[in-house]
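Here's a structure for you.
Each chain carries a letter (A, B and C) given by its place in the written order, and its residues are counted from 1.
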Amino acid sequence: MERKDLTGISTMVAVLGMIVLLIVGFAAGYYLNTPSSTSTDDDSAWRTQSITLAGSTTVLPIANASAVDFMNIYSGVTVTVSGGGSGTGYSNIIDDVVDIGMGSREPKQSEIDNAKTKGRPMYLYPIALDAVCVVVNPSVDGGNQLGLTLQMIGQIFSGEYTRWNQIDSSLPDQEIFVVVREPGSGTRGTFEEFTMDPWDYEVTTAANARQSNPEVVTTVSGTPYSIGYVGFGFLNQDMHTVSVYSESQGDLVLPTAASIADQTYPMSRYLYLVTNERPASGSLTDRFMDFIYSSAGQDIVEQKGFLKLPEYP
Amino acid sequence: MTETTKERVVFFALGVPMVMCLIVFFWIVAILSSGAGTLNFAMLTTSALQGGLFEMIVGTIYLLLGAAGVAGPIGILAAVYLVEYAPSGKITRIIDQAINNLAGVPSIVIGLFGFAFFTTQLGFGRSLAAGWLTLSLMMLPIVIRGTEEALKLVPPSFQEASLALGTTKWRAITATTLPSAAPGIVTSVILGIARVAGETAAILFTSCVLITRGLPKSPFEPIMALAYNMFVRIVAIGDPAESVFGIALVLFLIVAVFAVIAIVIRTYYRRRQPWLR
Amino acid sequence: MSKRNIRKTIFHVFSRIKEQPIELVLFLCASFSIVILFLMLLFVASEGALAFSNFGLDFIIGQVWDTNAGLYGAFPLIFSSVMVSMGALAIAIPLGLGTSIFITEVVPFSIRDIIKSIIELLASIPSVIYGFIGIIFLIPAIASVFGIYSGYTALAASLLLAIMAVPTIVGVSGETLSAVPKDYKEASLALGATKLQTLRHVILPIAKSGILASVMLGFGRAVGETVAVLMVVGNRAQIPVPPWNFLNPVYPITSVIAMQMGEASLYSEEYSALFGLGLILFIFTFIVNTIADIVVRREGKVGGRKK
């Protein structure tokens, strides 16, 4: 009879364990799903509705933080955010799978065509500016403003130039110390899109990879003869910013809030939210967009290393 | 060198890899537990909206129990067929082969299939249900193989005794074989759960989101899960790896609990089965 | 015909009627795996068909994978997958086989279960956690040991994969080793052979094909692993120079699918290219697993293994 007892016990323990887990889970779920406090002053429908966002991983940090803050302000609404990529963002909008798509590029022609066939126009809303700034250790330019073309930057980061004086004889006769972001980083993506991809350059194997913008700042300001790139929000006095040759201006342009806003600084782009209809005024989609355009939303934009839109100084 | 010393040297050398494996294991545990400082109990019960992990933990458990609910019954019945009914012929061989092959399909391919079939074709969208079905495909071979093993360990005399009393085969199986094999079957299901608990590739496109409010109210809503959150935060958002230490530790603990329960039941059961002595 | 016989026949008929639906249900459950495999092949192949018809053979032998430029040559990716997995096997085979031989031949029975359980736990650790540990520990370690700037390399992926493949190798080869009939071993020892000689000349030859199968299954597992690899491998779609340079970043098939699936718009060229990659992966692992299975089966006959 020993056998029978034993089978009974271990099976029961396991089954009971699962049931307990299930009950705890559902009880907790019920507790969480019940809004703790509902404001009664305005009982319009949007307060209990939900919207979904999906798309570009570059926009993801902004959307994620905005969704958390928004849901904390309005305790009945649900904002669901998932990643994917810009492709997911646009195709989900075209297929009407999500309410808001996220894009770090403008839609491709194929996506526009597809939207037309499906009869769903796309409305693009720029929510932030993303600019990559090339920075050097002060030992490199010795106080003179360094200016480079996009291709020259590409050549430095791909290892075609290995010493500073190969670029210009007035620069120091020292080896270039290249600092990059890890693959997969949005900043790296933007950087390579402008400086490497047009010429099919690959980042040199000698490059020194860093995990985050602050780490690049630390490395570049601490390492003589180093060059790196960071988001505009991370520029500081310990590094010198490189001005970049702009085709449209025919001149070197230094990244500033103004030059980025009017897009004369070449290495900048808008980040977008996209919808397939104009959000009805007062709808949840409309209110969420309003939140991102509010000063609280634009503060999140800045906090995540991007630039506020020009009209929000 | 004499044969005995040679033997000692060789066997000692063979011991080195085993010791290395054990070291690697304890070293992984050590690294993970070094993150214990970033974790506090409150985080486990705090909503993600306040920076906690609650929805991700419960979401992970929802995914696992649902997947076990799909793979468990199908897998157990399949194993009963293979052990008790299947004629030893071509069809049985093909079934056997298919189970092995299913076990070998890379999780990312299962994820692709789940996306194309459950999420897109069947129109489930990014949802808990799509995640259940996708994960159950990974669990199925583990459940079938484990159950088969458990059923084979039951002496045929048990069933024969029942059959001799004039019952049908199915009655005999449900009355004697299945109860005797129950611990082994439960083990295989729990082991299946442990194996897919941290699965990321399969749920990447099918069921998870980064943030939402609370838990899903229906199987057709998306869900937050530890593994997905950890992955997206490191790989897509680019958060420093140290910031997800807490999630990694909790995920590891969940997996470890399931795996240890399964292993303990199995060991206990194997040692105490009187008919195996 | 006696009354008793008639009763028996009637009972038999009735029990058959009751039995058959149950047997049918059980059979359907068992054949579920076949149905799923078939559906999987169908869906992955139909979504990926466009890639093969558009790019033809170039899809497999093409040297450049650049989705922005519309170039889909998967050769560097296939190369990366094979390279990383081979590197993993080079580490995992000695580690896994040594462990399983040591466990079955040397370790006393009483603690064998504990060690086996620990190795099994190694298999349960989620791949995202392996990737996490890789980033936290392995990447900086590789960078400093080899004096390179970035530790995100094929080597890092191979090391992680090796740890992940060991349990598979230990599990399957350990099973075959312990399935070698005791009589063979005892006969050899009785003839005066040492334990080592018995191992070399009796046990290993019998278990040979099982060991081979365990290695193949480990290889299949390594090729299909996604998340852990993706997090440490550096993700660069270029064949290293020289090709055996493990200190270069590479971009295995699984990582490409996981990373780029989000970027592809539904049913686009890129989307089908990624499913095409999935199809390559599916067929590849299917072949590897089938061969491993056949090897195990054949060994079952030769080695006189029961069941």
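As a convention for this text, a contact is a pair of C-beta atoms (placed from the backbone, for glycine too) under 8 Å apart; a residue touches a chain by one contact, two chains touch by 3 or more.
Note that this is a predicted model, so its numbers are computed, not measured.
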Remaining touching clusters (ignoring chain B, no chains moved): one piece
Centroid-based (C-alpha) most distant chain relative to chain C: A
Comparison of B-C and A-B (more C-beta pairs in contact): B-C
Inter-chain centre distance, chain A versus chain B - centres from mean C-alpha coordinates, in Å: 34
Distance from chain C to chain B - Cα centre to Cα centre, in angstrom: 16
Per-residue multi-chain contacts in chain C, two or more chains: 259, 261-262, 266
Per-residue overlap in chain A, given as positions that touch at least 2 other chains: 57, 83, 182, 184
Chain B: positions in contact with at least two other chains: 235, 241
Residues of chain A defined as touching chain C within the complex: 57, 83-88, 90-91, 94-95, 108, 110-111, 114, 182-184, 197, 200, 202, 205-209
List of chain C residues in touch with chain A within their complex: 66, 68, 148-150, 152, 234-236, 238, 248-249, 259-266, 268, 270
List of chain C residues in touch with chain B within their complex: 11, 15, 18-19, 22-23, 25-27, 29-34, 36-37, 39-40, 43-44, 47, 94-99, 101-103, 105-107, 113, 115, 117-129, 131-133, 135-137, 163, 166, 170, 194-197, 217, 220-221, 223-227, 230-231, 254, 257-259, 261-262, 266, 274-275, 278, 281-282, 285-286, 288-290, 293, 307
In the complex with chain C, residue positions of chain B that touch it: 3-4, 6-7, 10-11, 13-18, 20-22, 24-25, 28, 31-32, 73-75, 77-78, 80-82, 85-86, 94-95, 97-113, 115-117, 120-121, 137, 140-141, 144, 152, 166, 168-170, 194-195, 197-201, 204-205, 227, 230-231, 234-235, 241-242, 244, 248, 251-252, 255-256, 258-260, 263, 267
Footprint of chain A on chain B - complex, ascending: 45, 47-50, 54-55, 58, 61-62, 65, 68, 125-126, 179-180, 182-183, 186, 190, 208-215, 217, 222, 232, 235-238, 240-241, 261, 265, 268-269, 272-275
